[in-house]
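Letters A, B, C and D mark the chains as written, and numbering starts fresh at 1 in each.
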């Protein structure tokens, strides 16, 4: 492969622009070669000050450009499938923001296409795995230092949700991160999902029940609960407590300067995921670029994208029924083992 | 009532001795007048150094003694019912260690006897309500400062369990504290209990499944989960996180001196409930004595004892079935409203 | 000695009333027998609701009353000397709020009078020794677990000062606590004091330089610095960090419920010393009562009162000169060894 | 300037290799073009796996190479002066590890040479300014949000020191960071230094007095104390507490996962500065590269290097005399204002 990744970023919305600036300013070995957005003026705005980058309205055009040897997909999820198949056909490294695709069936087709290609090309944007504390907890679990992992408690809180954020999106856009986190921590697949809706905050928009309580189980019997609370007002917070056979580990706690003023001690809470996980995004994209330059994938795979899509479908059914809904996965292709 | 409480402590086991020393050394307005234990040598040992106290083998004898005007019951739970009825007949202030009685039916009979007596005489030993942080969280909830309370997360961990500590005891002796705490915090009754058993620690004794995951619901819809984990090895820990409409509050976190040594920062964890809740026990017994001297009850009532007994019965059934088991209470007598 | 201490509380100001309520409600083995205040209406108000207590305008009258067998002195410091000598003549247990007396010369006379009496009767109100974390740090130092203690860092901050709080009072009323704390932690006497005045807060009243930086040295060479800052606005805070040969220990850090709201995590800071050290005052007075009932002293002695008075005199001179001022003590009487 | 910095790293010791790997793997816009070490085998080892990099034994040879357009100096300090003058003559961007030079006189000559060149080319490696918490505290001070800054407390602790680490090195290699930090936080120059030596740890090597207590004053009257303790055994810790007119801010506190095991809560302490400040080094070198590509300096200047050298000379004299030693600076050239 050439010296540097020449990346086409597809989608110049909030996440796309964030990644464009990241690649342009901080990622070693990668450059922005093209920005694609159906709104060409957005693409043009996004390449301002980036020498050698072009603005395009069509992802196919970017993928036919020989100057481009890598793709970062940051469009809304429903547009992922088509771009993924085109990029797989080009056989270039792909970093695809989560979700892989919006449903398990289409995700499975992507997995099958990659399996047919015969090598892993897709990394899915579950960036939490690259957060320093997530990584340390993952290592601690695998080390066995505190015995077996038994229970996981997750809190996932947003200050508020945009208009039109539905109950299904609570699972598909928010809890999907915990589905991946539980799989990452345990090394297991998730076998069932239950969702309980209790008292509702008056700050939730009409039609949305918030917060919700999600209870998962994995192959080896680990139980994981998730408080998903997306109109929590006070800021963005993602935290996990893990109970082991001989200890308990907490991550995502308080950080930053501690201030004492006006009768209070404490510090600031990140307003959103961009601030909270800024460093994790940098590490994620650098890991992708480093691996891509060696023709490998440096993070969660298309299989992870597919498996979490199955969890999401079970989760949405569990919301509807209140019952414990089993998660059934297709057989895992050898490519991902 | 006379100037001081002259207390008969029934039961000179671990808790009894703890209370005897507390009353003898730290509680203002109360004195140990008698210690009753079927093993008279234990009772005699317990009164050593306490001028004016007598040792007896029979609770009835203590209750007939005119020098005694208050009773603290610290025997095993199965002996409570009989002593409670005798003490109610004497119409003296009673502090009864939890549980009120071992099952809902007998607890209900105690409630009925007290109702017949026509005034509250029994305080039940749910001492967590007297812990400074529990009390502060309770006040914060009632103040409405952070909006409505929505979700409660509880962790209840012991270092280890004595031989013969069964699954039922996990509910009846341990989670019973969370049943009371949830009722205390919400001001609601609990309406259902579900119990899930996941991965089991190898440190649990044969026949006991540890940890367990308990999910409660209250009248107003508050959801509460409990990690009950009684062989957690590392120490004793009781913590709660409460999610409100506009904030989140955590209690039971780290405390005490913070030490940096050998590559680590941190502090000590209490080995057991005596150390963790030592101050709460003092406050509890002082509150009882203060109220008793004014012919009132200064804490959880017989109704609280009865209602938690119903929760325990539902909890044990939920352990067995895995289903969400409703909690059904008798009508609350006017005496407790 | 009789069953209970029958205490005359001298001074019904803020601290006096606090102690009266403490003894009346929470201290086992002690009762308020008399309250003395030159303003008799204050004394009368203070005994309201305390059966058996009398209000008096003259301390001598209280000390002649045979119903009284103990004295707690809570008047302004300049009145202590006379009451102390009278109470010593009565040979009753004395708890004297700090300072023992306002200067080293009069303090030394009190020490000599007690020496002549031939037994320790005076306990001085350095209540920090009874704070749980202070006590734990003291034990840790004496245990040698982390090697020798080398350096102490103290922060002593008040929200604000009353009108007329002078530079001298910064030493005599505030830093005096650190003088005692350093002596308590090290077991050494203090050998020199240096005071530096840097940038001044605009919140200090005219004529007062705040904050100040105090640097102490002890017999064994331990260095201790103190930030004394009495118009710190945000609340009351007392904290210490101790550096040992193999570790560092911090006390006085954050405590209480941790709240996340409005973009911030954290908790509340005590507004004043009464809240911060409420438990320490209870422990102090109980320790005094327990010891007094056995004809002993249960805390800091008159010698401690004298030695800190010498430190204060050196501190005030150090404020004036900026130089390192030696502290010279009279020979310690055998009574205190 | 060309697209990328082509950097000659001078010195392939511990810090040099760290920077080589950093530039090679993580810094956007910079590449390792040459590694210079008098031990050519070390230079050769350091370029392994870096395409396009050459190994050289002589810094002059690197600076004559037209492929090279930037210099990072990571040799021992006594070698800096000569390389700095040569690199200034080449008029290329320079990142020079601290100290600028080992004494104030030679540092002043470097300042004069740069002044003569007429533009800032030298950035000095005071990397703490790039630590996220340092930066946040700096911003908070400049914002005036908590009023004026009044006092700074610093703790600087290392696990141990290499053989031959003298008292002078305690100032020149360790406290030099606090000299810069105090100047960075206050925006003032330091006007005096006092050093006190108290009780000595038995873990200090012969001839070294450890810990030491340093007291600084700045132009505007801010007082700053430093506990420098370089054989603290337990790990590496750098922390600061800043007292303002209306609040107090602490940085450098506990971070990372919190673990509860074996009767303790807490987390890990970084073993050394490389781990503690790893992210700060990345930010520092990226800031240097970004600025250098725009012909600017992105951090502390040669003036900062000179001013701290004067502080060090005063500090060493203060160690010797115990007195408060004034710091006298040459007039600041307009180039640095």
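In this section, a residue touches a chain if its C-beta (ideal position, glycine included) is under 8 Å from a C-beta of that chain, and two chains touch if they have at least 3 such contacts.
Everything numeric in this text was worked out from a predicted model, so none of it was measured.
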Shortest walk length in steps over touching chains, chain B through to chain D: 1
Of A-C and B-C, pair with higher C-beta contact tally: B-C
Distance from the mean Cα position of chain D to that of chain C, given in whole angstrom: 44
Centre distance in Å when chain B and chain C are each reduced to the mean of their C-alpha atoms: 37
Centre-to-centre distance between chain C and chain A (centres being mean Cα positions), rounded to whole Å: 57
Multi-partner residues of chain D (each touching 2 or more other chains): 233-234, 237, 246-248, 258-262
Residue ranges of chain C touching chain A (in the complex, touch as defined): 233-235, 237, 254, 258-269, 271
Contact footprint of chain B on chain A as seen in their complex: 147-151, 153, 155, 157, 196, 198-203, 211, 213, 215, 217, 220-223, 225, 227, 229, 232-234, 237, 241, 243, 245-248
Touch list for chain D against partner chain A, complex: 3, 24-28, 51, 132-133, 136-137, 140, 146, 246-251, 253, 255-262, 279, 286, 290
